[in-house]
Structure formats: C-alpha cells, structure tokens
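Two complexes, one shared chain (subunit A), two partners (subunit B, subunit C).
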Partner chain A sequence: MALKRNVSLASALRYKGQGPMLTYILHRIGGVGMAVFVTVHILASFVGGKAGIFANSIYENWLFQIFIFFCVLFHAINGLRITISDLWPKLIQHQREAIWVEWAVFLPIYGIAVYVIIRAALGG
Partner chain B sequence: MTATKSKSLPLAKRGLNFEMLMWIFTRLSALAMYALILFAIIGALIMGARTQMNMADVLRWGFMPNLSHVQNTNVPDIAPWSTPFWRAVASLLLLVATAHGVHGLVVICDDYIVKPRGRQIVRLISIVFMIAMIAIGLYVVWTL
Partner chain C sequence: MQVTLKVFRYNPDVDKKWHYETYNLDIEETERILDLLELVKGHYDGSLSFRRSCAHGVCGSDAMRINGRNMLACKTLVRDVGDKIAVEPLLGLKVIKDLIVDMEPFFDNYKKVLPYFINDSPLPADGKERLQSPGERARFDDTTKCILCAACTTSCPSFWGSDDYLGPAALVAAHRFIFDSRDEAASERLRIISETSGVARCHTVYNCTMACPRDIQITRAIGELKMATLTGKVD
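Showing the complex of A and B:
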C-alpha cells in the first residue's frame, strides 16, 4: 500500500500549520476515535454476553475515558467554531483568535474532567 | 497583519451538488446534535436527575437518551425514562449522528484514496455500514 504524495512525511511533519493545523488534526483524530467507539459501543450492547462485557471493560477503563472525552469535547467545541465561521464566512478572518477562545473553553472543562476521572480511578 | 478578505461566490456559480448539500448538512447536523443533547440533559433534570444521578450519568444520558444509560443509577423508576418519546429522541440522535459520522469518515478516506474506483468502493462500503449501524442502533434503542 504505497501512498503517493507530493510531500514526504518528513516535510509534512515540518509543515508549520500552527494552531489551525493542530485543530484540524485533532478534529480528525477525535472524529475517527468517536466513530470507532460508537460503533463498538452499539455492537457491544447489541451482542451482549461475554463480548459485550469485554467491550464494556475497555471503555470503562480510565485511560480510555480520558481519551474518548478528549475526542468528544474537542470535536464538539472545534466543530462549533467551524460551524459558526462557515455559516458566517466574514468571521473566518478571526479564526486564529477563535482558536484561542476555543482552547480557553476546552482546557478548563477538560482539565476538571480529567481530574475527576483520575480521582475516581484512584478510588476517591 | 493583513486580513485576508473572504470571497463568497453566489450560489449559482458554486453549484448545488451532493457534496455541497453534505457540507451544509455536516454543519447543521452538528447544531442539531448540540440541540438534542441539551434537550436530553434538560429533560433529565426535569425528571429529577439532580438528586438521582451524578454529572457523568447525566452526560451519558445526554449523549444518548437510552434506557441502559440510566439502569445502574439511583433513578427509582425508569418508566418515564423509557417512554416512546425518549426512544424517538434517541432514534433521531442516532440517525443524525450516524449520517454525520459516516460522511466524516468518507471525507477522511477521500484524502487518502484518490482514484475514482477506490472512492466508489468507499462510498459503497459506507452506505452498507451506515444502514447496518442504523438498523442495529434502532433495534437496541427500541427493544432494550
């Protein structure tokens, strides 16, 4: 499976897309992460039994919860920014500022959630 | 810093094809999911979630207002949580989310699979996958 691209992987990693590029990558990771999670979750509740319990034990793990909450929260907040700036195209010129607002909203909520998840994992 | 001026083409020049419709659908379905999740959370609070559920359980119910998401909480009577109304809300959320998600996966695949034949196969698989997940999801929502 040789992918043909005009840029090499090394130059792709050196690409300085900065904030918008980072949100684009994280949005994509979050989307795929949620798609896989929701698919497995629906199938697990459909199949039930031992396979269902096994799938449950994966996504009840605190590491997975930290990952999937990142996917959900980032995808939701970034998606709202994209929606707003796409429906009102004049706002696109403020997208870098919008991304700072986005992190200012995301980080406190995510930080508190991670704290709660880890505290629950430690049995508190 | 020079701000780049955003150009907007009139709709006639942009063309109104399937891709354009799915582009706007992705944005509108995102707003619809925000509305549905908020609606489910408000519904949970009206049904007494404030004293019977913790924050994580309320969010779990919000993201999919499904009976199995309240079964191991302190809710005394799950009958009001499993009415046809909430099953319909869950179904609506399932339909919107599946369409949004599968289209997103197709968009991602299009970045890596560029041959028309490959893209056709991706679309075929995505349609089969979407119908299967909607059928299984509806079964779970309405029978559990």
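Showing the complex of A and C:
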C-alpha cells in the first residue's frame, strides 16, 4: 500500500523555498493573527463582564500589540506586492528585487512602531 | 571526496512506516545525485527504487527533493549541494516505494486543461502548414519547454493542500496552447482554469519557478493566465 499524499506542516515548513516561501508563511501567520485579533475584540464587546475585561487585557497588552502590528503591516505590504505581481505579470521577473524592497519598506516602519510601543509600555 | 547520502526508504511489502538509510560514499564532486543513487543501487542495496530514463534532463523522470528542494537528480552535481545530501520523494503525491511517487493525480490534472492542439478549421488552401509569425511563436515559447517532471507542482503549497488544484505544470500546458495563435480552444481552456481549482488557487509563492529545471517563468505564465481569465484577452 502506498503512503498517503498528505503533507504534514513539518514537511511543508522544511521545504527550502527561500525568500518568497518565507513571505508566504508570514502572510498566512499575519492573516490568522488579524482574524484572532478581530475575534477577541468582538467577543470582548459581546460578552462583557470579567470575561470581556480579560479579553481586553489580551489585545491591549503591549506584546500582543507588537505581534498584531507585525501581522497588519506585513500582510498589507506583502499583499500589495502580490497584487502588483498579479496585475502586471511581466514584473514577476523582478520578484527577487520586489521582496528586498518589501523588507526595506517593512523593517524601518515596523522598527519605529515597536520602539514607540515599547517606550509607551515602559511609561516613557 | 567523502559524502553522506541520506535516502528516504519505504518498501510497502516490508515497512509499516518510512525511514531513512544513510550511505557513506567516496565519489568525485563532479558526479550527479543520480550517479550516487545508481552507485547505492548497484553496490549497496539493489532494492533501492527510483525513476530514471534519459539521465540528461530531458525526460523528467528523476525529479525528487534534494536537500529540501525539488530538483532533477540527473542535473544536480554533488559540488552544488555539499557533502551531506538528503534525498526524499516529491511532496504531495503518494509514495509507492522509496523515491517513486504515484504520478496519476499529476497527469489527471494535466489532462484537464486539454493539453493538445485544437483547430477544426479547414486547412489552408495549399493544404500545408497553418502559418504563424515569429512574434506569435515567441509569445508561448517559454511554456513549450516543460518536460512534465512535476518538480513545480509538488513544490506548490496550494497543491500540498489539495490535489484538486490543477497545479503549475497543468497551467503551464494551458498557457502553451491558450497563447498559440493557431489554436481555437482558448476560451474553453480559460473556462477550465477559471474554476475554483484553477488559477485562483495560485498565491504567487514562486516555489514553482525556482524548482523548474528548465527555467520556465512559471509564476509569470500563471500571472498572464490570471489576467486572461479576467479580461478574456489572449494577445
């Protein structure tokens, strides 16, 4: 009997797709992170009481804010790159450069945001 | 040079679970991964199973994962992958034995896009060729190079998730005929690739382009197909 075709998460993550594969994985993490954030936000408003306050404390935590800002910013910038690639397929030959530009845009903005969040968290 | 070759092994008659076997080999750095597999099969374990045919990068039989990436064993030199080499079967297809996978789902998807020339119009008056300008021929030149090795399709996370997805190789075949000025079934193929199992499942991961041993710009071809499905234009 042949082995099943199922590709485990571990096998998939071990595939060495390099830069584009990394952006694909981070894009998915970003999407799931935002879905979790919105769900927790809605639930906090809906249930109220102690459970609502507890849910609020999760997404108001500065560590969670660093995570969710990563999700939103990376998902947006990477999504923009993919949209441009899809609308102008000829640009796909410059995919490698596009990913460098993506990181060059993402890292400074994210770095500044993380600095501001941490400074605010430390009471600065 | 000394290399360590770790090979994925699975014999359905004996094994309940797959495992790896490691071979220490003394070889030249200019030898190919296929040569190493032949060496193991010839001198260490004759039961090792893998596909090979032309051994020169034309037939596409020996696509496999080499150090975590899809490559052709006959086109990959030892010096390009180092002295620790891991060889595994393609992902997303059933493993029949060792490095041999069941290619049927791959070819089933390939057949769905009608990968053959369709033109029911009468032949030209001279009864000979349907002429095409060099520019019209160049439009789909890149996608004629496919050797159906499945390295692209089995590197695609969308295909790993579901083999309903046509996959890069089938879409390359669709591109080859959709943009052929002599073919008359472009609209039918565009309808097929517009379905939920078609181009919409491509997330521009780019693994396919990097895995292609023929350097076909697959992601670009799929991008052109996406636009064609939106606009209906195939020029």
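Just so we're on the same page, the second predicted complex is superposed on the first by the 110 of 124 C-alpha atoms of A that agree within 3 Å, B and C clash if a C-alpha of one lies under 4 Å from a C-alpha of the other, contacts with A are read in each partner's own complex, and residues count from 1 in each chain.
One rule holds in what follows: contacts are C-beta pairs under 8 Å (C-beta built on N, C-alpha and C of every residue); 3 or more make two chains touch, one makes a residue touch a chain.
Fair warning: this is a prediction, and the values are worked out from it, not measured in the lab.
**Student:** Once the structures are superposed on A, label A:121 by its partner contacts, choosing first (subunit B), second (subunit C), both or neither.
**Tutor:** neither
**Student:** Who does A:79 touch here: subunit B (first), subunit C (second), both, or neither?
**Tutor:** First partner only, subunit B.
**Student:** Answer with first, second, both or neither: which of subunit B and subunit C does A:22 touch in the superposed model?
**Tutor:** Neither: A:22 stays clear of subunit B and subunit C.
**Student:** Could you tell me if A:53 is touching subunit B, subunit C, both of them or neither one (first, second, both, neither)?
**Tutor:** Neither: A:53 stays clear of subunit B and subunit C.
**Student:** Is A:112 touching anything from subunit B or subunit C once the two structures are fitted on A? First, second, both or neither.
**Tutor:** Touch status of A:112: no partner.
**Student:** With both complexes superposed on chain A, which partner does A:40 reach: first (subunit B), second (subunit C), both or neither?
**Tutor:** Touch status of A:40: no partner.
**Student:** Applying the touch criterion given at the start, work out whether A:11 contacts subunit B, subunit C, both or neither, answering first, second, both or neither.
**Tutor:** second
**Student:** Have a look at where A:92 lands relative to subunit B and subunit C in the superposition and call it first, second, both or neither.
**Tutor:** A:92 sits against subunit B and subunit C alike.
**Student:** Thinking of the overlay built on chain A, is A:101 touched by subunit B (first), by subunit C (second), by both, or by neither?
**Tutor:** A:101 contacts neither subunit B nor subunit C.
**Student:** Which positions of subunit A sit in both the subunit B and the subunit C interface?
**Tutor:** Comparing the two interfaces on subunit A, one with subunit B and one with subunit C, the shared residues are 3, 82, 86-87, 89-90, 92-93.
**Student:** In the complex, go through subunit A and note every residue touching subunit B.
**Tutor:** Of all residues in subunit A, those touching subunit B are 3, 28, 31-32, 34-35, 38-39, 42-43, 45-46, 72, 76, 79-80, 82-83, 86-87, 89-90, 92-93, 116.
**Student:** List the residues on subunit B that touch subunit A in their complex, please.
**Tutor:** Against subunit A, subunit B makes touches at 3-6, 8, 27, 30-31, 34, 56, 63, 68, 97, 101-102, 104-105, 108, 112, 133, 136-137, 139-140, 144.
**Student:** Can you check the complex and tell me which residues of subunit C touch subunit A?
**Tutor:** The touching residues are 10, 12, 18, 65, 67-69, 91-96, 102, 105, 155, 157, 160-161, 163, 203-207, 209-210, 217, 219-224, 226-227.
**Student:** So in the complex, which bits of subunit A are touching subunit C?
**Tutor:** 1-5, 7, 11-12, 14-18, 20-21, 24, 82, 85-87, 89-90, 92-93, 95
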